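These are the structures, in structure tokens.
First subunit A sits with subunit B, and in the next complex the same chain sits with subunit C.
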Partner chain A sequence: MIRAFGYNEFLFLLSAVQWTLMLSVIAFIGGGIVGLFVALGRTSDVKPLRLLATGYIQLFQGTPLLMQLFLVFFGATVIGIDMSPWVAAAVGLTLNTSAFLGEIWRGCIQSVPRGQWEAASSLGLRYPGLMRYVILPQAVKVAVPPTVGYLVQVIKGTSLAAIIGFVELTRAGQIVNNATFQPFLVFGIVAAIYFALCWPLSLLSQRLEARYAAPSR
Partner chain B sequence: MALATEPTRNGIAPAMSADVVIRMEGVQKWYDQFQVLKDIDLEVHRGERIVICGPSGSGKSTLIRCINQLERHQKGRITVNGVELGPHHRQLDLVRREVGMVFQSFNLFPHLTVLENCMLAPLKVRGTTKAEAKATAMRYLERVRIPEQADKYPGQLSGGQQQRVAIARSLCMNPKVMLFDEPTSALDPEMVKEVLDTMIGLAEDGMTMLCVTHEMGFAKSVAHRVIFMDRGEIVEQNTPEEFFTAPKSERTRSFLGQILAH
Partner chain C sequence: MTYDFQFDAVFASWDYLLDGAWLTVRLSFGAMAIGMVVAILCALGKTSGPKPVRWAINAYIEVIRNTPFLVQIFLIFFGLPTVGLRLSPDMAALIAMVVNVGAYATEIIRAGIESIHKGQIEAGLALGLRPLQVFRHIVLKPALRTVYPALTSQFILLMLSSSVVSAISADELTSVANNIQSQTFRSFEIYIVVTGVYLVLALMFSALFAGIYRLAFAYSIDRR
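So, the complex of A and B:
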């Protein structure tokens, strides 16, 4: 029988937000860590590393996120690992995020003028120190606005985890809709919640961009 | 080649000729098909000051950038301070920490203060203590006469001040040799003198210096030897007196004619 959309249904949607947020945070942190190595590989002087990182980025940017989630979820089963939708979504989103962040950060690293690398090298700094003390601190300044901006993509991307059965905001919307059969209302509210999460981040990204675009101190 | 005359300017003479800091033998370098360095032979003695000049594209910057391997050479041997530059990083590290370099565009680290710029390499490369690195940094900032700017960021300084900080930053590593790659070319005219004065001060202290520059006044008053390069070759080298008054090659004469004409 069809239920009416009431306060409880709304609360159910709201409580699903925590899973969307948690999945986003995991994808962002995991993707950030892996993405840093992808960016370093992409800007490396070592050709095999560069090719490997490029291939990785191409692979994840050139296929739909949904297919990546499917491949992780069903692929794990094929090789005999029983992976929960939760882990599969976290792994899939982490990999996907790392490829995109890696490519964004590659550009930020390369935006640091060549002279900075040369000055640091000529002072005797080797790659780890050169990166840590000279290049990355300058690249981070450039990287913050697009990275915050990309976080919006990550949050929206988590909605695809609904399809492999992970109950986050979108999946919760489907469940509520199946019971109430008020798709316009239910998905309108789901979309509004996504908007409430993403819009502040977009604004923040724009503000950061304006701030960092100002002449440096 | 042997020096035409024993350099004794300012009472500083390079010690015995065995005291070679940099030796380049048959060094060649290509960018794809284009040969930028053709069979370069050069010996730099301790305490010697050399000015390298030549038209743009003559390979003069590439030559000094090969000494600390910012550019790799493809043929020949480069020995710095007894260390031959080979494919192993350890050798490269040994060389780089003994060779200071000053760039045309300063290349100070914009996210660090002047003091932090000067302390970074001693701390992270030499592993000195913070107090020691700071003391050294302040000593050299005083020497280039800007200790009061220590806590500012490079962006807050004039070009001339930035270049003096860059010199101090290199000196903090206590280098055996200083390479200068057109250090005054990016400066407004009124700031050239303060940088040249700093370099002259270094020269008076007996620093071994290789300077790519078009400041012929500096060459005349400071250099033991002037080298003229054209199309990747060392065309002529001589004492400044001989070089400016009696250039041997036609290419040198025409180059000097162009830069001294105005």
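So, the complex of A and C:
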């Protein structure tokens, strides 16, 4: 029985947005926390740490996000955990985001002039204090625009959770399309909702970049 | 933690996997080649076209860059038949990849074109080169050289994101993996092997791009 696309179907799509947003926020916060350590490892003086972080980034940037989600989803069964698509998507996206943010932030940390590191350590600051009070505050300023820009990638990435069966916006679109069979309308609306979420962030990122870039030019 | 790994089921269908990987490679290169043409034309339009053209290209770029690839695939594969354009999954996958990479590459190439100094173009014209020659030799080639790293990492991302086209069951690597998975139920084994194949493909792509760079762009320049 083919249903018409009506107000209820639209509401169903809209309510699925909360899951897309929830997944994005979890991936972003989780990925940010892990990513900070990845970035610190990547810029560390300790060679094994640096190699480990580099390998981690290579692994996640060199394989498809979809495969990563599959591996988390099916890998959990291997070690005997029954993982719901929701948890698998959150874990997979967190790991993926951490690798990308780690690499972005590595560049930001390394953009702080070498003299700042030397000055801080000659003032007697050890690594934790040096990072916390001298390097990171300066790196954060550089990091804001690309990080906001990457948030768009995170939101778009959550759409892949649909493939492992988690009902977020894209999966909701598939469900509505299966019932109404109006793919242009349904996926058009889905795309428009993603656009409404992502475009402001893209614009913000561009604006921030222009603002932060201005003084140094 | 007493899982019994069984990789023989995976390796039994290695020729099938190889077919899938081959289609992934062909789709990627096809999309790169056509996408480059789209991107160069759009970048040209965006930097020197009339206002409506610039506006349309901007809209294209922003829409593609701010919506998920998966939704774009669904729109093309499920949406186009409703207006009478029926596509095979492979064709729909190729079109979706071209449309997607075209938008990203346009922005990258535009940045390259804008980095070319106006004086260079004027010098070329003063030497009696035709506008098309100026564009090809003085604008495009140095522009591509400048943005080459960004462009090639975008291409590798394209190859990796092509795994998403398995959602419309184009017979590429991920689809093949899904099929083997549903026949053998060795999910983890098959996906770990396929992930490895993607990693190898990504490394091969970047080695190839490095080679192309050495062949095409390894002349010394001194812009100052």
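Basically, the second predicted complex is superposed on the first by the 215 of 217 C-alpha atoms of A that agree within 3 Å, B and C clash if a C-alpha of one lies under 4 Å from a C-alpha of the other, contacts with A are read in each partner's own complex, and residues count from 1 in each chain.
Throughout what follows, contacts are C-beta pairs under 8 Å (C-beta built on N, C-alpha and C of every residue); 3 or more make two chains touch, one makes a residue touch a chain.
Keep in mind the model is a prediction, meaning the values are calculated, not measured.
Superposition of the two structures on subunit A leaves subunit B and subunit C fitting side by side, clash-free.
After overlaying the two complexes on the shared chain, residue contacts for A:Gly55 are found with neither subunit B nor subunit C.
If you count the residues of subunit A touched by subunit B and by subunit C, you find the higher number for C. By the touch criterion defined above, A:Lys156 lies against subunit C but remains apart from subunit B after alignment on the C-alpha atoms of chain A. In the superposed pair of complexes, A:Ser122 makes contact with subunit B only, with no contact to subunit C. In the superposed model, A:Gln138 makes contact with subunit B only, not with subunit C. One geometric descriptor of the composite model is the angle centred on subunit A: between the Cα centres of subunit B and subunit C it reads 100 degrees, in steps of 10. After overlaying the two complexes on the shared chain, residue contacts for A:Gly165 are found with neither subunit B nor subunit C.
Between subunit B and subunit C, the shortest distance over C-alpha atoms in the superposed arrangement works out to 24 Å. Contacts from subunit A toward subunit C in the complex involve residues 59, 62-68, 70-71, 74-75, 77-80, 152, 156-157, 159-160, 162-163, 170, 173-174, 177, 182-184, 187-188, 190-191, 194-195, 198-199, 202. On the subunit A side of its complex with subunit B, the touching residues are 113, 115-116, 118-126, 129, 133-134, 137-138, 141, 215-217. Residues 68, 70, 89, 93, 96-97, 99-101, 103, 105, 107-111, 120-121, 124-126, 153, 155-156, 166, 169-170, 173 of subunit B are the ones that touch subunit A when the two sit in their complex. Interface residues of subunit C, counted against subunit A in their complex, comprise 1, 3, 62-63, 65-72, 74-75, 78-79, 81-83, 156, 160-164, 166-167, 174, 187-188, 191-192, 194-195, 198-199, 202-203.
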